[in-house]
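Next come two complexes built around subunit A: one with subunit B, the other with subunit C.
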Partner chain A sequence: MQSFQFYSPNYLEDALKYIADRKQTCRTLAGGTDLIPMLKKEEIRPDYLLNINEVGELKGVEDLDNQVRIGATTTFTEMIESETLNRFFPLLVNAAASVGGPQIRNRGTIGGNVITNGPCADVLPGIVALDGQLELQSKQDGRRLVSVADVLVTAYETSIRSDELLTGILIQKPVQGTKSGFEKLGRRNAMAKARLNLSIALRQDPNGTISAVSIVPGAVMPVAVRMNDVESMLLGRKPTPVLIQAAADKLVEVVVNTAGIRWSSEYKVPVLKNIFKRVMWRVLAEDPQ
Partner chain B sequence: MKKRGIGIGSMFYGIGYGFSRQDIGAATVEICEDGSVIVRSGEVDYGQGSDTIFCQIIAEELGVDYAEIKLITADTLTTPNAGPTSASRVTYVTGKAMMKAATEVRETMREVAEEKLGMQDLMFANGQVFSMSHPEKNISFARLAKATHLAGRSVVATAWQDITTKDVDPETGQGDAYSTYAWASQIAVVEVDTETGKIEVLRVVAAHDVGKAINPKNVEAQIEGGVATGLGYALEEQILINKGIVQNTTLSEYMVPTSMDVPVIESHIVEVPALEGPYGAKGVGEPALIPTAPAILNAIANAVGVRVTALPANLENLHRLIREQENNNKDKS
Partner chain C sequence: MTETIGKTKLTFTVNGRETEVLVDPSWTLLRVLRESLGLTGTKRGCEEGDCGLCTVIMEDRAVDSCLVMALQAQGKTVETIEGMGHEHALHPLQKAFIEEGAVQCGFCTPGMIMSSEALLRQNTHPTVEEIKVGLSGNLCRCTGYTKIFKAVAKGSESGGRL
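Moving on to the complex of A and B:
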């Protein structure tokens, strides 16, 4: 049994002051689907626990002019039910729907998915694929925006400062004609961590040429990262079986070069190739929004 | 590519311990003065529903309402040793002991009733004891219980049911190893994703000879639970041990099927009475899961042509077998 001081403010200002004074000795509780098991297993021993679920400013999806803001404590269920996200970012909706089971989706939050930065995160790769920005706030510096890709240091580690709070995720609304695809492979159909997942967003010219593409595999790399080398192979080209096969080969080459050969590579390398090819072809076959 | 296949698994299974191992069920039935019934047995219901079955048997034999029965089980102070809940034996062995004990107290009560009503053709039903030829000659079960108590007659009976078999011939292995056998066939329809090794079980049809379904809903539930267990055994469940230490000690790491993995299960109850069982009933608990894995593995073979010979048929194992087959086919051509 652990003991810690539990603080549950209603206002962001109070939350920021609380962590500013306590820094590393304080942990933040959002959905708790990662944090509570860590506390129970005594993997972490915080002196202070800040509950941010009562802070209204952190909750919900906002349709802004040319971007969408998803509050940090927006749950996966709320994401699935959000009209705005269904309209602009079906990729994130599909990813959120693949998380755990109904109970976990009711508790787990998008902010928690980012902060935990687990290699098998389901929603985080989608945020990276969409070039999401993190809205970080602190008592000292106020509000700052950083690209999500810039804070993911390595598995379970981010460069977000201990006096900073992740308050929201901002994503530019997609250019007309953007399409996306998501697939998750788990050991069972619910309550399963991803063995693999893949998030793809792309756009084609009227003549079929790929004019924008973003590819982020999950559960194969230490952190979610765009596959720039693969994307540049595809950009400005028309999709052909030869091109997609070459891109698939490049994708696993990048993964193996970065993550190395592991016990799971024998399975994951060919299967990632297969999943990439079929998600690509599925997205290419789709009519644009 | 997704490929579908159909497979059949069939089994027979010895009920009880067999092979001369001691196998005795026991129950005590006591009639209280107010007509309520206390039943005691060492047999534990760990979720399979034997308490329900026991109360049904007692209610049937005494003609009393199910709700009038107070059942005390698995209490070493007060209950007779009935042997373990295992070997799919509980209904078959202890269910029969229940029936015997209830019959014994009923026959004592019948003698008292015959004296009181002056009739021989008495029937116990709906909380009443009445003459079949002259229904107006009757007495309530509760009043008869009181009368039996006042007459100083025994209102308690303990009965044992012994199904211990002879051993088989040690030279030839031949003989009647078990008191009875359960039989079952299941058919599974699966879809195999050849690109990932993922298997979706789309449907299972299960036909089980249970002798007599004392509670058909309970039998269906047993079959459904067995199929789900067999599905997990076939596709995912695996204890991972490293240097003697189990690595997956929680249900987030030891994968059992979720409701999203278990398909529609169509149960068919077949009733071929077992001579020694209560009303012909025999066990279904373990038989329900035995044919499932073979049916699924046969369906996989039917879908993609590979034989899984080591469980579980999880993502990695099935994908490896499919690739090995592809490579073999390439070598041949």
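Moving on to the complex of A and C:
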């Protein structure tokens, strides 16, 4: 590994100043589970490494008035152990619990999952499903909020600037009655990076009509994105086997159209349909929060 | 903290002892443990987080030391297999591994013991399912895992570290 200068500030202000002065020649290091393998293979050769793990402002889950803020360097393990997340966003807790093995969950962070923007990310699709916002900060512009869906350009690429840090993820607390589900299929070994995952959140009227729904499959699209066409089929309707089957067909159609025809010949088509129907029915059967 | 250029001082606690060592910022914690401190009980395998051979406990949690930069351990507490027990006073988990026949070639054992220890600190009486999850970041090519899971269950009954 090529050497670099290493900086580990305790305060956000110092971190922001450091990258503002260095931009492209500097890389941000959080849990290192994505970055350190890249450094070893010399796929990247930064002159400076900014370790953000000691910056207090980036850590932990905060219960704000009507939203929850997850600090960028909150680890998957900390997410799993957070009472606030268990209460409001079990979807994210389940997604975090599905990541790697314990060693990866103890180091890997939610911020790293977003910025890497890998097609196989497990937690990022959940953030997209919940319409999360990213809190970005830079020395030049201070703080700005952007919708997570707006910065995911394509696999492994975001539109976040090189002088910006992701400082937190903000998510509106769910409206009463919201239910959610997550499922991941991988190799049997828990270390498998996701091959396929699905995040769903929805609400129903007292009479059963679906009044809000958000569906994000992972590891099948170039980036995590809500399946608007499938969602609109379900909105305002009561769930029936015929409707859910039609939605499953639609989901696969959208994915095949986007990800290309080769994809359709793989085993993933029937698997995606089944996982969708299974998670949908499970969430529908659940009592609302 | 100031920026570090070239070799720099890393001060951390290793197996209960305050330790100071000069490191290059590009070194991993694994390299410092093995090469600077001679703690070769921690094994080197895939170097990318897949095998768990390099597992140590940092701040009470299992981590792959190949995926931690040495300077990220600044001021932290690190425990390796050398801190668990020794020939004449085995740690209960080490004893259980031997008694259950959970050691064949032994290459995965230090990492397995560190992951097991970290698990038992969070969960004093894990179920088999919880043990499987707790050790899912550690690969073993020899044993087929069953004896390892049994050993951890036994280690927890005999008190583990309790």
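Keep in mind that, in the parts below, the second predicted complex is superposed on the first by the 285 of 289 C-alpha atoms of A that agree within 3 Å, B and C clash if a C-alpha of one lies under 4 Å from a C-alpha of the other, contacts with A are read in each partner's own complex, and residues count from 1 in each chain.
Keep in mind that, in the parts below, a residue touches a chain if its C-beta (ideal position, glycine included) is under 8 Å from a C-beta of that chain, and two chains touch if they have at least 3 such contacts.
The structure displayed is predicted, hence computed values, not measured ones.
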Which of subunit B and subunit C A:274 touches, first, second, both or neither: first
Touched partner set for A:69, first subunit B, second subunit C, both or neither: neither
Larger contact residue set on subunit A - subunit B or subunit C: C
First, second, both or neither for A:185, with subunit B first and subunit C second: first
Which of subunit B and subunit C A:101 touches, first, second, both or neither: both
Partner chain in contact with A:22 - subunit B first, subunit C second, else both or neither: neither
Which of subunit B and subunit C A:203 touches, first, second, both or neither: neither
Which superposed partner A:59 touches (first subunit B, second subunit C, both, neither): neither
Which superposed partner A:226 touches (first subunit B, second subunit C, both, neither): neither
Those residues of subunit A which subunit B touches in one complex and subunit C touches in the other: 101, 189-191
Subunit B - residues contacting subunit A, complex: 195-198, 200, 236, 252, 255, 257-261, 314-316, 319-320, 323
Subunit C-touching residues of subunit A, taken from the complex the two chains share: 1-10, 18, 29, 31-33, 36-37, 39-40, 49, 51, 53-54, 77, 100-104, 106-107, 189-191
Subunit C residues within the subunit A interface of the complex: 1-6, 8, 24-26, 28, 47-50, 52, 55, 61-64, 66-69, 71-72, 74, 115, 118-119, 133-139
Contact footprint of subunit B on subunit A as seen in their complex: 101, 185, 187-192, 195, 264, 266-267, 270-271, 274-275, 278
